[in-house]
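The structures come next, written out as structure tokens.
In the two assemblies presented below, chain A is common to both, partnered first by chain B and then by chain C.
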Partner chain A sequence: MLELIQDYWLYFLVGQYPNGPLGGLVLTLLLAALGLLFSLPLGLVFGMARISPYRWLRWPVTALVFLVRGTPLLMVIFWAYFFLPAITGQKTDQITTMLVALVVFDGVYLAEIVRAGILGLPKGQQECARSLGLSYVETMRFIILPQALRNMLPSLVNQFISTIKETSLGYIIGLTEVSFIASQINVQVLTKSTQVYFILGLTYFILCFGLSRFAFWLEKALYRNRIVKAAS
Partner chain B sequence: MQFDFSLLLSGKYHDWLLHGLAVSLGLTVVTLVLALPLAVLVALCRLAPSKILNGIAFTFVEAIRNVPLLAHLLFWYFGAPELLPDDIKQWLYDGNIEIVSAVVGLTFYTSAYMAEDIRSGIRGIPKEQMEAGRAMGFGFIQTMRLIILPQALRITVPPLISQTLNLWKNTSIATVIGVAELMYQAQKVETDSFRSVEAFAFATAAYLTVSLLITGLAAWYHHRYPVRTL
Partner chain C sequence: MIQLDKVNKWYGEYHALVDVTETIDKGEVVVICGPSGSGKSTLIRTLNRLEPIQSGSIVIDGQDIYGGDVKLNEFRSHIGFVFQQFNLFPHLNVLENCSLAPTRLRGLKPAEARERSMALLERVGLAQKAQAYPSELSGGQQQRVAIARALAMEPPLMLFDEPTSALDPEMVGEVLLVMRDLASDGMTMICVTHEMGFAREVADRVLFMDAGKVLERAAPGDFFNRPQTARAQKFLTDIRTPFSSTLS
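Moving on to the complex of A and B:
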């Protein structure tokens, strides 16, 4: 196993970079980070639309949420893979395809987190702000969102973990992320399948378990902070 | 290119896709039947009054949940058979090893998530219930079976239904190791006929329909058996 790591660690980490496209673990992390970053604004808009008082805004977004949540991510990836070129008229590379699929998929899931975050606040907050003369938008902007976003932080870290796991599905469209690279290594070595895939699993585990502990700690810290604040 | 409905209504592509749907549904049911008891067992281990059992169950859950399903399936398909003795390996390769790997991977993956749902359902029952049960002279297992689990069931079933929904969607990933389920058949139709819109529209509609049925089931359960609070 050590020999395997010694021979292939660089390939596993960055793919063929700098002699070829970036790949491996770095690409996985990059995709997950960009996916979450771009889906955040989308999730925020969708989440607020889901609980908006305007029906023409609420209904289409609710339908979209049900549509995307009812289909596997793999389906979304295929739609993006086959139909992005048709829409844009250009050939789309795998990274862009995956990113688009991730942003749509995560945007919808984040919308539910945002919605839960807003609905989780006491109703009095909104009523209070409105009776003080703030408009709906102002209430959201200054009163509701700052509190809701803070409560959402641990969920966001968990969503990042999910996104890291989701990037593995890029494998199927030939995206050179870490699972794909592991399979390439497996083909090259041939005799050490068990070790190769064990190392792949271990890599994901270290990454995601570390992050989930961080989310756990964050939740505790936020909760403690709130109690201290309430007491003083 | 026009959307060709007749392609989906009859002929060999129709048969391929329906066969895929049947395999996907079968995969979901078999996995569910295997994963549920395993999940209950793991959840009980996490709550049992034994440090060793707690540790084993915790490791099981975390090791599985923090690795993507794709990596699980790759491991069970390519990696794990290497560890088996030759005659068992041969027997597996003669049979349908794709399906076996997929069921094993999906079962472990699903049971880890379900175990956590069951655990939090059980923990949602006030501690005094357990203490009272024990004080009345019931053993740990008896208290669980007669007092805690019947109450916990109402809290646990809705998240379990939503895990079933996840399982249904996760079966699509089995296409990666070549299980002939819905997604695989849709791709096959696509390569064979270049009718990608029809093939993927069928698959999407099928996934969506079953997902909505499962969501509906959850809503019905929630309405029919609301959580009772003390």
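Moving on to the complex of A and C:
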């Protein structure tokens, strides 16, 4: 197994880069990070639309949220793969295709996190801000979202964990992320399937377990912060 | 300053305010009391449109506040509202709580807003807590900050919705002192409160409500010594001698 790691670690990490496109674990992490980064504003807008007093805004977004949540990610990836070129008229590369699928999928899940974050605050916060004369937008920007986003931090880390695992589905459209690379290695080595997939699994586990511990710590820290402030 | 004319409000089938007609003058301190569920809080919340009304009209400073041409945020910024639950913004410190709205809505420079807020915190006796966060303050201190925050917009009218009901008994006094100080300065105030001592000493007029109606309106001395309706007599008896009623 050590021999395996010695021979292929670089390929596992970055794919054919710099002699070819970036791939491997770095691509996996990059995609997950970009996916979350781009879906965050989308989730913010969707989440606020979901609790908007305006029906024309609330209903379509709610419908979209239910539609996407009721669909496996694989379907969304297929849609992005076949549908995007049809509307843009040109072939989209795999990374962009996967990114679009992740942003739509994550955006919808983040919308629910944002919604819960806002609804979890006492109603008096919004009432009080409005009674001072702040507009709806000002209330959101200065009073509600700063508090809601803070409370959402652990959920955001958990969403990042999900996204890391979700990128493995890019395998299906030939995206050279870490699972795809592992299967390539397996084909080249031929006799060490168990070891190859053990290393792949271990890699995912270490990443996700580490991050979920981090989310747990974050939750504790936020809670402790509140207690300490209240006690002092 | 405030004219209410035949104000009605329903929550679904429930008739929360019934034909409330009332005039409140500038500089007046009005205490609204009555049993729970009588519509006191609902009434005070309609005055800055936190609750919509279904019929009637409310005119403040000549402006029909449910009329179509009201700029809601601008209108609300001229009314101070103090909540039972204080509702300080927990992510901002005391000074920021007070200076946020004046900076955003009155165009004050940060230094001006800071100066104004510090003066008000001084007035409510909490200047030394300017950098503290709400969670570091006692309930009484939080409510005094909430009053300072409302005053920072320099409103001509202050509304208090049970400002001492969520406080430990020992902290009620410090909040009432600030309110008395405000009243003696000539502020127009409407207070929903169960503090009868405050009503007796500070109020110009007491409104007694039951089942969505204003049953009595009188100077505090008259109301406490010679209540006219049976309902008010019972209410006053109950709050003075809590064990007089029999359990049924």
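A few points about this structure:
Rule of thumb we're sticking to: the second predicted complex is superposed on the first by the 230 of 232 C-alpha atoms of A that agree within 3 Å, B and C clash if a C-alpha of one lies under 4 Å from a C-alpha of the other, contacts with A are read in each partner's own complex, and residues count from 1 in each chain.
Definition applied: contacts are C-beta pairs under 8 Å (C-beta built on N, C-alpha and C of every residue); 3 or more make two chains touch, one makes a residue touch a chain.
Keep in mind that what you see is a predicted model, and the values were worked out from it rather than measured.
Of the two partner chains placed by superposition, only chain C is touched by A:Q125; chain B is not. When the two complexes are overlaid, the chain among chain B and chain C that reaches more residues of chain A is B.
When the two complexes are overlaid on their common chain A, residue A:L67 makes contact with chain B while staying clear of chain C.
Contacts of A:S193 after superposition on the shared chain: chain B is touched, whereas chain C is not. In the superposition on chain A, contact of A:Q147 is made with chain C only, not with chain B. When the two structures are aligned on the shared chain, A:F82 is found in touch with chain B, with no touch to chain C. Contacts of A:G133 after superposition: chain C is touched, whereas chain B is not reached.
Residues common to the contacts of chain A with chain B and with chain C across the two structures: none.
Put simply, chain B touches chain A in their complex at residues 62-63, 65-72, 74-75, 78-80, 82-83, 169-170, 172-173, 175-176, 183, 186-187, 190, 196, 200, 203-204, 207-208, 211-212, 215.
By the touch criterion given at the top, residues 122, 124-125, 127-135, 138, 142-143, 146-147, 150, 226, 229-230, 232 of chain A touch chain C in their complex.
By the touch rule above, chain A contacts chain B in their complex via residues 66-67, 69-75, 78-79, 82, 161, 164-166, 168-169, 171-172, 179, 182-183, 186, 193-198, 200-201, 204-205, 207-209, 212.
The touching residues of chain C, when paired with chain A in their complex, are 48, 50, 73-79, 81, 83, 85, 87, 89-91, 100-101, 104-105, 133, 135-136, 149-150, 153.
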